[in-house]
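What follows is a single structure, and I will ask about it in a moment.
Letters A, B, C, D, E and F mark the chains as written, and numbering starts fresh at 1 in each.
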Amino acid sequence: MVNIITTKNVNVHYGDKKAIDNISLNFLKNNVTALIGPSGCGKSTFLRCLNRMNDVIEICKIEGQICMNNIDIYSNEIEVEQLREKIGMVFQKPNPFPKSIYDNVAYGPRIHGFTDNKEELDEIVNTSLNKAGLFNEVKDRLDDLGTSLSGGQQQRLCIARAIAIKPEVILMDEPCSALDPIATSIIEELITELKKSYTIIIVTHSMQQAARVSDKTAFFHLGNLIEEGDTSKIFTKPDNQKTNDYITGRFG
Amino acid sequence: MFYPVLFLLVLSVGGYYLGIKRSKELSKDQRLASLPAYYGYLTFLYICIPTIIVWFILLIGKNFILAQYLMAVLSDHLQLMSSNEIKLFFSKAKNLSLGMSFGSESDIELFASQKILEFERLFKLFTYFVITLISAFSFYTARKKILPHYKSQRYVEKIVNRFIQICSVLAILITLGIFLSLVFETLNFFSYVNPFDFLFGINWSPNKAFVIDSSETIDKEILKDAFGIIPLLGGTLLIAFLAMIVAIPLGLMSAIYLAEYAPKKIRDFSKPVIEILAGIPTVVYGFFAALVVAPKIVLLGKTLGLDVSSESALAAGVVMGVMIIPFVSSLSDDVITAVPQSLRDGSFALGATKSETIIKVILPSALPGIIGSFLLAISRAIGETMIVVMAASLQANLTINPLEPATTITTQIVTALTGDTEFDNPKTLVAFALGLTLFFVTLFLNYFALKIVKKYREIYD
Amino acid sequence: MQHTDKNYEIQMNSINEKLIKMGSILEEQFNKALKVLSTRDENLANDIIDTDKQINDLNHDISDTVFQIIAMRQPMADDLRFLFCSIKIIRDLERIGDHLVTVAKKGYRINSSIPPEFIEKLEILGNKASVMTHDALNCLFERKLSQADKIAERDDIIDTLHGEFIKDVLSYMKQNDDYIPDSLSLIQISKGLERVGDRITNIMEEVHFLIEGKYSSE
Amino acid sequence: MTNLTKRKKAERRFQFYGIFAVGLSLLFVLVLILNIFFAGIGGFFKTSFIIPFHFDQNLLKIDENSSQEQIRKASFRKVTSENFKTIFSNYSKDEIKQIKKLFYRKIDKEAQKQLLDNPNYLNRTIEIAFTASTGIDQIHKGNFNRDIPENQRKINNFQLEIYDQFVSEGKVKKVFNTDYFLTGDSRDPESAGVASSVMGSVFTILICFLLSFPIAIFASIYLEEFAKPGRTTDLIEININNLAAVPSIIFGLLGLGILLNFFGLPRSTALVGGMVLSFMTLPTIIVACRSSLRAVPPSIREGALALGATKNQVVFHHVLPLAMPGTLTGTIIGLARAVGETAPLLMIGMVAFIMNVPSTPLDPAVGMPAQIYLWSESAERGFIEKTSSAIILLLIFLIVVNFVSVYFRKKYEKKW
Amino acid sequence: MVNIITTKNVNVHYGDKKAIDNISLNFLKNNVTALIGPSGCGKSTFLRCLNRMNDVIEICKIEGQICMNNIDIYSNEIEVEQLREKIGMVFQKPNPFPKSIYDNVAYGPRIHGFTDNKEELDEIVNTSLNKAGLFNEVKDRLDDLGTSLSGGQQQRLCIARAIAIKPEVILMDEPCSALDPIATSIIEELITELKKSYTIIIVTHSMQQAARVSDKTAFFHLGNLIEEGDTSKIFTKPDNQKTNDYITGRFG
Amino acid sequence: MQHTDKNYEIQMNSINEKLIKMGSILEEQFNKALKVLSTRDENLANDIIDTDKQINDLNHDISDTVFQIIAMRQPMADDLRFLFCSIKIIRDLERIGDHLVTVAKKGYRINSSIPPEFIEKLEILGNKASVMTHDALNCLFERKLSQADKIAERDDIIDTLHGEFIKDVLSYMKQNDDYIPDSLSLIQISKGLERVGDRITNIMEEVHFLIEGKYSSE
């Protein structure tokens, strides 16, 4: 098993407020890693450090080392656009562009200049939709607006969009929290399907979801990484008392 | 003007396509650092920017060059003239060259206008030549930059960002422009009139300055009592107050009704119709106030046995109030609808009636925003010009009786500047002092209004 | 209907399959054990003892899987009942395996001069127990209650047979001092087979719970 | 229970206030529009007298072969007098003079125009409709009460008699006044038209749009998408907010002080007017554009960023197109306001008497509202009607624009 | 056990769209009844019929009989304000009024004219806050804005506000869906506490939550009431196959 | 730390309490059963048989509660392990109760002329089993593993004692034909007590799982 992303002594501050406290955490290739923890513990913050989405936030300061395939992603040689081509992201609320389904998926390949060729582009769009398990549902209406789809379909469209630029890693920040149970279970299944070709890091509020979909789980608390390990271990016999208390519903 | 722009555009767009073509050729061998389109944009900008700059310089310099040219051509003739006469001569020649003839031109002036036309022709040719030259050179430079590893996207974006930034800085320049245009003339005015007298004087009779023509020395003692702004301020506030008496209750209640009660159809109809009131040009209101409302009020006053002036503050105030209704109603409507539905639900679920919900929950929540809308409306009323110019009196009158005539700051500005007096007369210059006062008063009001509105928005964010 | 989550479905199915496997191994073990009684084949007996490990492993395996599923997937309703049922049944099945090991261990050492009717009776008992086990597992897999109550009746038959057998052996023992250890073995074998009946009754109770959501006694 | 009854009563009372307020506001709109409509609708028509007119070759000193140029140079004064003399041969010279006053002062010009349009009229007697004077026009349209004492009106009893005679002969016609739309301003209400002011407005608005729209959009983009919070950004913010608050007349002072006096741009031109109005419109568009930009949910930006789009790509591919409908609505409203703006134009001399229809933004021009202002200040009764007609035109334009923008808003309203 | 609310053959249409299809369902006094079902099945619609919150929606047409204490709540004699005094409601997103904590709670008693007396009002406010388990946390800052509280506290404030007018029934529409797990568990506990004095009807997306807090559960599907009964029964041995399938995650 | 949800805490505690209750009843039963051996008091024996019903009821009760908790509360980690452990342990405890019933049933009927050293030996065995049970439950409640391994050793001692006892009884049987049924009872009692040891070993495995999250054998 190879680590595709490694992080070492990562600290994140929002202004004066420390959001991530010296976290070192590695992510295995072709694995689903779940980040869990109470609200505000820094899951999203940490996740967004991995594709430098936090660059946008002025007051956000990041220290420590984050490497992808052993290259420091915060080094000067790395263009952030290039990085995000390698690390896709799916958000909490499905956010398709208000364009056609086709254009949603084709957008990434277009801006990265994957191809000038209409047929090749079609091919990319179709495979991406297929991989996201959406192709059969939308193949007859690729020209409809992406926003006209149902919530669950929209989220899969966003996944297709992320896949279309052939990333190695896909980050997901609570991808199911805006969905109902049925749509959720479809996405969850998709995730286990996708991990054959991608490395997936998922933030979730639902311990049950983490238990269901992930191979590895990391438990965050107040900006600290309390425990990480095999999901089956974390949910049955965590080493740390805090993890145990959180998982079993002892919060106060 | 039109053709050079088109010419430049054609050149630039051509550059864009050539840039794309070149980069596509390159991209056959390897992946470029940026998309081909960006090499196109790069070429486009490379051609556009320097050319526009040079062209602009040429345009600015044109008059100067022209003057030099005429000086040279007509040096014998011009040597004899004073600088003022030269100015006059040039402008006459210029008008002649544009075909404006007053029938009394001398030969030498005709000759000069000929020369001007000649110069214009030459200059136009020269402009095209320069544009072409610079474009070609820029295109050459840009093309050299089209290399696989060259990140044209970054460069293009940098330029675009800078351009965007410049656009936003323009707002500062305009404000600065306003301030400068007002402040210099105001200082000039204050050299005639003591600022203290201006701000606290209770007499307004600028015509006292009329007797003075530029040759006479100015008697500051007379002016001391002529430019007191207090009566104007009083009139302005009186009219604004009358306007608000009309606008606030009607506007606010309309907003409440439309936002909370009205069936969708009525709302969809009424809202834009009431907003028409805001879209109607103020000159129309002025016309209406002066020709329809004022006579009616006089008539009404007569039947009631009241003595109403035909230029009463009432007419202007009421009409202005009507005009301002949509300002109050639209803004209030916005803040009322911005109150989240959940608050209404919460109140209804407690068994409150609709009016209770509105009065006790919605209005208090929206209050800062509503007050903000009032303040904005007031500042609008104070700065309003045409209605008062057309319907209010010119006679300064410190009164709180709405049936008497009253004048406003804006009216006086217009009066001062539409006469034919020269710019070195306090009677004219006072307009700028009044403008500056108005500027600060409305600024102050708006600043507060916006602050309140902003704070209110934060509650829900 | 299948679970929307295919992995869940797979996990649930694997438990089912392992239970089936356990059942089929037990059937084999029954056959072998009864053969041991008649042939006294030590190798076969050892085979049974070895095979029993598989059953023990399956027991642990299923227990682990059930634990994981409950921890990771929050099963509810029939899924949960099935898991709950499984976790209890496997203990019974495993014990049935143990009893068969007892049969084998004791069986191949029984002196051949013991009257063959004892062995025959044991075989009858054994067959009944075997068939009961088979039927019980069928009940489980098909989730049909129809046969369940009959199975309880059949346990009564086994109990009676066992009681009679003990009596017979006791009287035999009294007359044949030398055969006391062998008789004791016979008693233990019979006892074992009788306990299989009890286990099956247990299993049927769990199956009842699986299908009806409550125990028949309640 | 009584408590609840009381509460219900209060409820109904409150609702009534609301209906009352809305009703009153709507009534205002109605009164205003009807009033102006009825006052102004007549302005689109004019009254004409039909009289036989003989184009005498000799009196005009031209012949069939004369060029248009020659006709234009010919004096129609004499031929007009002759015609009047023949038609009203049984009236005294003084009376004819009075009769002539029933006609528009420039009757000879009208005759000339007839001949220019129809050269074959030469030496023939043709029944021609000549514009009546504004006094007759008003009487004919019923805007003027002829019962008031003779000394208080411009038309004396003799003239009225003649007019009545014309009416009884069926020689008075009310015709649609196409010239109103084709000619520029005039000292005479009879021939005053809106063409020059409409063109003036068109040029002004065009300049205003071309300047303010792109600049406003770029400024908005900078402030919403790129600006890092800092002193400069705050300064820009404050300035834009202030610009929105500055009374329009101050912009006029700016135009006067900076554009005219300092930069020496030509007075009374659409160029300067457009520039001044664009300063005014800028903050309106910026506010609309910024709020539209802000309404584009951050999730769209994040979505694009996460795909590796650069910030510029995010803005120009996604955010700006989504903000466009809102921006356009704001622009339309801003421009509509600019169209109706008068005060600043007063300051830069765009209230001049302009007869020629401007053909470039550099020509002297007035705008519609300034024209309205000018006419409304005019003492002549006929101009009131012209003013109202111009107002109707302006209002129609504004209402159309308003509804277009409402339609726009409805159509592109997005719920995220 | 007494039925406090009974409904019979209730049909609800939004325009032409049927949202509730002939549902008859009764609610026991001092019980917690949970309404569960997939998204869009009509849970909220049904809930809002019970205190006539749907009156506000113009296109919403309600047929059938809904009685509270055997009186038809849609009859002409019933004023809707009076009804809502008896049936309180708590919403998905905490919606405190932007007033002080005290005024939030005092609002209901004031409009209904419970008392003119400052001390009595204080008393009502304090007991309500106490019952909502919030008193100790806010007793020193009753003048602070209700909106300044944390999400979970806000939701409890809304519960206190509902309690203050002494309703008999409290309706809750996904009261925890905007809260994190910790706040959720506090509210859930509060619910079990409240049922001693009130009848509670709660809509929830989370089957787990329904299982945890309710005595009775009703399962809705496409506007139909599929099954209702004891919660422990519904979640262990539902009678209906659809219920079973939904609960066990067989959606498709 | 306690569960934030008090009802959950109460439910979890109730299981704990019921387990404790089961343990204390079993301790009583042990005492009584050993007393029966020495006193042959039929009433006491009946008392044991009656009391066993309580144990059975507790078994069902705990099983139900565990099922409900798993269905309603999605327990995880140590809670889940505890529940899982409980569900398995109660079977063992219930069986220990059954074995004690066997001891009682057989015990009071043993002929008083049987040599008293047999009874004494059984009492020793019984005491050992009783102490083991007590210790095992302590292990469970205190979640300490320290004693667990020792308990396995103690089971070996019981097995040896049982083996020796059987040998003794066998040789006694051969010499005393008349006492064969009584000897058989002795053997069954010893066997029962030995099985208690096995059960305790089982329980300790579950406790190991509870504490360590895996079985000691794995």
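Convention: a contact is a pair of C-beta atoms (placed from the backbone, for glycine too) under 8 Å apart; a residue touches a chain by one contact, two chains touch by 3 or more.
As the structure is a computational prediction, the values presented were derived from the model and not from experiment.
A.B. asks: Given that chain A and chain E are copies and touch, would you call their interface same or different according to whether over half of its residue numbers are shared?
C.D. replies: Comparing the two copies, chain A and chain E contact each other through largely the same residue numbers, since over half are shared.
A.B. asks: Comparing the two chain pairs, does A-D have more C-beta contacts than A-C, or is it the other way round?
C.D. replies: Between the two chain pairs, A-D has more contacting C-beta pairs.
A.B. asks: Chain with the smallest distance from its CA centroid to the overall CA centroid?
C.D. replies: Central chain: A.
A.B. asks: Return the distance between the CA-based centres of chain B and chain C, expressed in whole Å.
C.D. replies: 96
A.B. asks: From the mean C-alpha coordinate of chain A to that of chain F, what's the distance rounded to whole Å?
C.D. replies: Using C-alpha averages as centres, the distance is 52 Å.
A.B. asks: Indicate the whole-number Å distance between the mean C-alpha point of chain A and the mean C-alpha point of chain E.
C.D. replies: 35
A.B. asks: Measuring centre to centre with CA averages, how many angstrom lie between chain C and chain D?
C.D. replies: So the centre of chain C lies 102 Å away from the centre of chain D.
A.B. asks: Give the residues of chain D that touch two or more other chains, as numbers and ranges in rising order.
C.D. replies: Only 7-8, 310 qualify.
A.B. asks: When you check chain F against every other chain, which residues touch at least two of them?
C.D. replies: 4-5, 8, 67, 71, 73-74, 76-77, 80
A.B. asks: By the touch rule stated above, which residues of chain A touch at least two different other chains?
C.D. replies: Each of 111, 182, 185, 208, 211, 235-236, 249, 251-252 in chain A touches at least two other chains.
A.B. asks: Following the definition at the start, I'd like every touching pair of chains, please.
C.D. replies: Those chain pairs satisfying the definition are A-B, A-C, A-D, A-E, A-F, B-D, B-E, C-E, C-F, D-E, E-F.
A.B. asks: In the complex formed with chain C, which residues of chain F make contact?
C.D. replies: Touching chain C: residues 60, 67, 70-71, 74, 76-77, 80, 84, 87-88, 91, 170, 173-174, 177, 180-181, 184, 187, 215, 217-218 of chain F.
A.B. asks: Show which residues of chain E lie in contact with chain C when the two form their complex.
C.D. replies: 207-208, 211, 233, 235-238, 243-245, 247-252
A.B. asks: Residues of chain E touching chain D in their complex?
C.D. replies: Per the stated touch rule, the residues are 79, 81-82, 111-113.
A.B. asks: Looking at the complex, which residues from chain B come into contact with chain E?
C.D. replies: On the chain B side, the touching residues are 263-264, 340, 342-343, 345-353, 356, 360-361, 364-365, 459.
A.B. asks: What residues on chain B touch chain A, complex-wise?
C.D. replies: Within the complex, chain B contacts chain A at residues 27, 31-32, 34-36.
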